[in-house]
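Look for chain A in each of the two complexes below; its partner is chain B in the first and chain C in the second.
Moving on, here comes the complex of A and B:
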């Protein structure tokens, strides 16, 4: 296990390095930030000065080298626009995104898995068909439209939930979060639901498919022949077997929940890091974009590692040393 | 048979599957009985309804299948129409089952001790400690060395033969009155097969458990069973003491089945095979279902033959049986 983790971490360093190279080259090709940062009537001297201040006069390779050297020390550059370290900028926003993703994940797991199991245990019944049809809607409704409809129904017509913002925040274990106050939770419900509807549908369908696959297996019949209760068969024998594919997908989706909640954050004016990325791209704030993407890469790598470790806990046949990393 | 009440008495059992393509009569008018301590061999080709008979006894037939008529008397009590809760109390407790493929019957993600202890605790209110000790002793009885250690293992750490021993140990954990063994040695090496047969025979003798041993292997039945029922296309075509049936088969199907076993005396000759194929259960031939493949068929065979009882206590259903003089 330790060997596995160490080897995995070393590979991760390589991945991060390669990603940073691609990123740096890519962002260099997009355009010149000075054109956007300075007003159109800026003089040539102003331009020269800005280019020099931002270090854009140096060749690409030198810039990359400087970036790497600083990054190793934990400094991912200073925002061109806000003039604060981009890390600080992102981390400040990350709380809001993480709590939203977490709640969306909780919805996906605690709504998706039970409904999928129900559906899989009673195939081709009215309940199953209703749930499966519902999940198609969950899949196919465009996220932004769904968000607008939620606002229309729950904020405009029913006036149950606030439509925008993060609400009042409190602190739990020293972390600032909306989950600490009732107002904050009210603000979170709709964005989290909007973010999770797709995931709920997906987890539901996946769970159903796994149930359908596992239920006819001999070990389930053997468990019945042993005289076990239906509850024990479903919640111990079957559930433990179907968790593996579900964990895989949830792990993959958690990363995308965090990284790509942009649409939801925009609609509900949620001050998360997704919105920060869009804003930064608009003004070509290179350090923030690079830092943002580097953090997301690290996030994906950690989640995948975590999923592999959970695998080995769930399924005794998987030895971590055998997992292709 | 009249000396004691049989442990299991199946009477005119019919189990059918109601599929979109039609009604599949998987078990068609099957009757047999097993006494305490007796091993009954249920022989037939794949798809002849042997396994469905066993699952019917446990009431584990899944839709679209169901028992349509007949009686299953277990210790004198009819199981057909029993509630799910009553059946659940019997399964694994009074009636246990051993499955064909030991690679598939144990849950891959649960430890052996979990799978054994849960069986005990499903039926008896005993402490974990007591259940654990019984599980350990159970493993020891089927010839698994250092059971204490093996209990902590997962199924994938066992070989096929060892897994089947575990499955057998689970079946005998609660000293059932009846064990249904569904081809438990088919998936195993011949050497392992011998060991398993020995263990099972020993357990049955020790505990007085009645057993239905389902197989397509006549050699296994010959060495193990006391009596044998031969099934063909959902019906029992012949029944009798194991030696009589193998030495002097009466029904042409049994005759063909025994003739198909390769043996020393016919080395170098072309092996015998029964012509034709098992009929589809969806469209059974009229009259005797074996008629299209039978060498003895006559006009009479278009009517379903009655079950005939011979003076020597054998039963078969055929108009033109072999070895008729018996």
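Moving on, here comes the complex of A and C:
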């Protein structure tokens, strides 16, 4: 197990290095940040000064070298736009994104799995068909439209929930979060729901499929024959067996919830990481874009590792061996 | 029983108090499209950051709602000789921390703006003409320039005055946290959450007219639909940059009032004046033309006549624009009342094109950004339709601004759409940056991406650059505009308009410079 983890970590370093190279070259090719950052009435003189101030006058390879040298020391550069270290900027926004992703994940798990099980346990009934048709809506409605509709219904017409922002925050265990106040929670419900509708549908369908696959298996029949109650069979034995694929998918989706909540964050003006990325791309704030993507790559790698570990815990048949595949 | 009674009275009185504060809670919540990069007023001169700086900080002079210069922290300025200006400063002005405003703060702020590090858009060039600053007494400051600089007062008036005590050795982060963000403005900072909101409070010791609302929250909401939804749901009291497509709906809503204004941002077409063969000009078969038609004034004039500015504004922009025939709108220094927008005249245009040797037109690609100006991509498509009426075969290509401007500056295009916003209230900058002959050494014409060049025009502009007599300078700018626009150096189309929307009951005193200032929000009459 230790060998496995160490090896995976070493692979990660390589991945991060390659990603940083691609990123740097890619961002260099897009455009010159000075064109965007300077106001239209800037003079040629301003331009040259800005280019120098941002270190853009050096050749690409030297810029990359400087970046790597600083990155090793934990400094991912200072934002061109905000004049604060990009790491600090991203970590500050991370809280907001993580709490949203977490709530969305909770929705996905605690709504998706029970509904999927219900559906799977009673296939081809009216309930099953309603849920399955509903789930099609869940993952085919465009995220931005769905968000706007939520706002229209719950904020504009019903006036139940606030439409934008993070609301009041409090601290739980020293972490600043909206979950600490009622106002904050109210602000979170809609964006979290918007993020999770797709995930709920997916988890639901996955759970249903697994249920359908598992229910006819011998061990279920055996358990029935043994006289176990239906409830015990489903919630203990079947649930354990269907969890594996669901955990894989949820793990992967958690990464995307954190990294790509851009649309939701923009619509609900949620001050999270996704919005930071889009804002930074729009003004070509190179240090922030690079730092952001590096952090997300690391995040994905660690989540995948974590999923593999949970896997082995859930199913003792799986060994985390050093397979060269 | 007694305790219950007490509890009842207590809760009742609480309700009453809550009720009263509800009625008189003078809080206003603004939905703002832009987001400040920092609260350090010297760090970046981008619009979004300045809009926030202006809430807390003030300048020597300032542009009023119509963009005419008015005294603010300075009471008057006297030109002593060609190189020396004497500012009389306002007395009795307090900083948010209670200290007095004096000449020392001005000197400190100007120096700080000049020396700011890591900034892509610093104010350094505004302070560059300054050679020496001499404090005569706490309320008199003499500034000597290196060479005659007629724009000096306007340039130093771009610099926000910070407290020399609170901001001594302050970094950008000190401003962001609020520690150093001590100004003389009518509001003071309570708390900034980057990317989300700015909370501020009225400054009770403000020297001028106090703003109406005591508590103001600015929410930074870049998404147009979310901003409108926020207003409709009642969580926002006022929003800026109303999207044109929602104008009609909001106009018909009884609970909403619109406050439109046309701005000083000119949207114009720039064309390649310099090259004999321009990259995107073709014949009918799509082969590059050997001759660049834009070098012929008749062709340029024809293009301008083909554009139906009124239709463009009413149909494509939902009324959010004002036709233009020059660089700046009325009220801005250098505006020439004789220069009218070009009349729509397709027949005349066809005749001109035929005369110039293009009776069957030619092929051209119009380039433009698709996320920079109000409805830019749609405007370019509309322009293409207009040009097609002159038998010009038009292709349209739009791209995100971060890609577009790099290519436009590298002169990769033949005909392209750009905007220029005059932010200083002085027409000089636009005329010298957009239309003067490009010259890397003298830094003239740096926005002249079409390389228009006219020696007669350059001569007047060069003279105006060193003229300190204001009426004479104004005449020069007006004359220069007649030459350049008579020559169709660029094709001016319209001043982009902007609108605020408020819930009924409050009013926004709209500003030409598109700034959303809390102090301009007042109860409706």
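We adopt the following convention: the second predicted complex is superposed on the first by the 316 of 325 C-alpha atoms of A that agree within 3 Å, B and C clash if a C-alpha of one lies under 4 Å from a C-alpha of the other, contacts with A are read in each partner's own complex, and residues count from 1 in each chain.
We adopt the following convention: contacts are C-beta pairs under 8 Å (C-beta built on N, C-alpha and C of every residue); 3 or more make two chains touch, one makes a residue touch a chain.
Keep in mind it's a predicted model, so treat the numbers as computed, not measured.
**Q** Decide which partner touches more residues of chain A, taking chain B and chain C as the two options.
**A** Of chain B and chain C, C contacts more residues of chain A.
**Q** When the two structures are overlaid on chain A, which partner does A:271 contact: first (chain B), second (chain C), both, or neither?
**A** second
**Q** Which of the two partners, first being chain B and second being chain C, lies in contact with A:47: first, second, both, or neither?
**A** Touch partner of A:47: chain C, not chain B.
**Q** Just to be sure I read the superposition right, which of the two partners does A:226 touch: chain B = first, chain C = second, or both, or neither?
**A** first
**Q** Touching A:311, do we find chain B (first), chain C (second), both, or neither?
**A** neither
**Q** Mind working out whether A:292 is in touch with chain B, chain C, both or neither, as first, second, both or neither?
**A** After superposing on A, A:292 lies clear of both chain B and chain C.
**Q** Thinking of the overlay built on chain A, is A:4 touched by chain B (first), by chain C (second), by both, or by neither?
**A** Neither partner.
**Q** Output check: A:237 vs chain B and chain C. Expected answer is one of first, second, both, neither. What do you get?
**A** The first partner, chain B, only.
**Q** Just chain B (first), just chain C (second), both, or neither: which does A:84 touch?
**A** second
**Q** With the touch criterion stated at the top, can you tell me which chain A residues are shared between the chain B interface and the chain C interface?
**A** None.
**Q** Which part of chain B faces chain A closely enough to touch in the complex?
**A** 58, 60, 88-93, 96-97, 99, 101, 104-111, 118-119, 122-123, 154, 156, 167, 170
**Q** Contact residues on chain C for chain A in the complex?
**A** 31, 35, 37-38, 40, 43-47, 117-122, 124-125, 128, 172-173, 176, 193-197, 219-223, 225-227, 229-230, 232-236, 371, 400-403, 405-406, 409, 419-424, 429-430, 433, 440, 443, 446-447
**Q** In their shared complex, at which residues does chain A touch chain B?
**A** Against chain B, chain A makes touches at 217-219, 221-229, 232, 236-237, 240-241, 314-317.
**Q** Residue numbers of chain A touching chain C in their complex, please.
**A** 30-47, 49-50, 53-54, 78, 80-84, 89, 92-93, 148, 151-152, 155-156, 159, 162-166, 266-269, 271, 275-276, 279, 281-284
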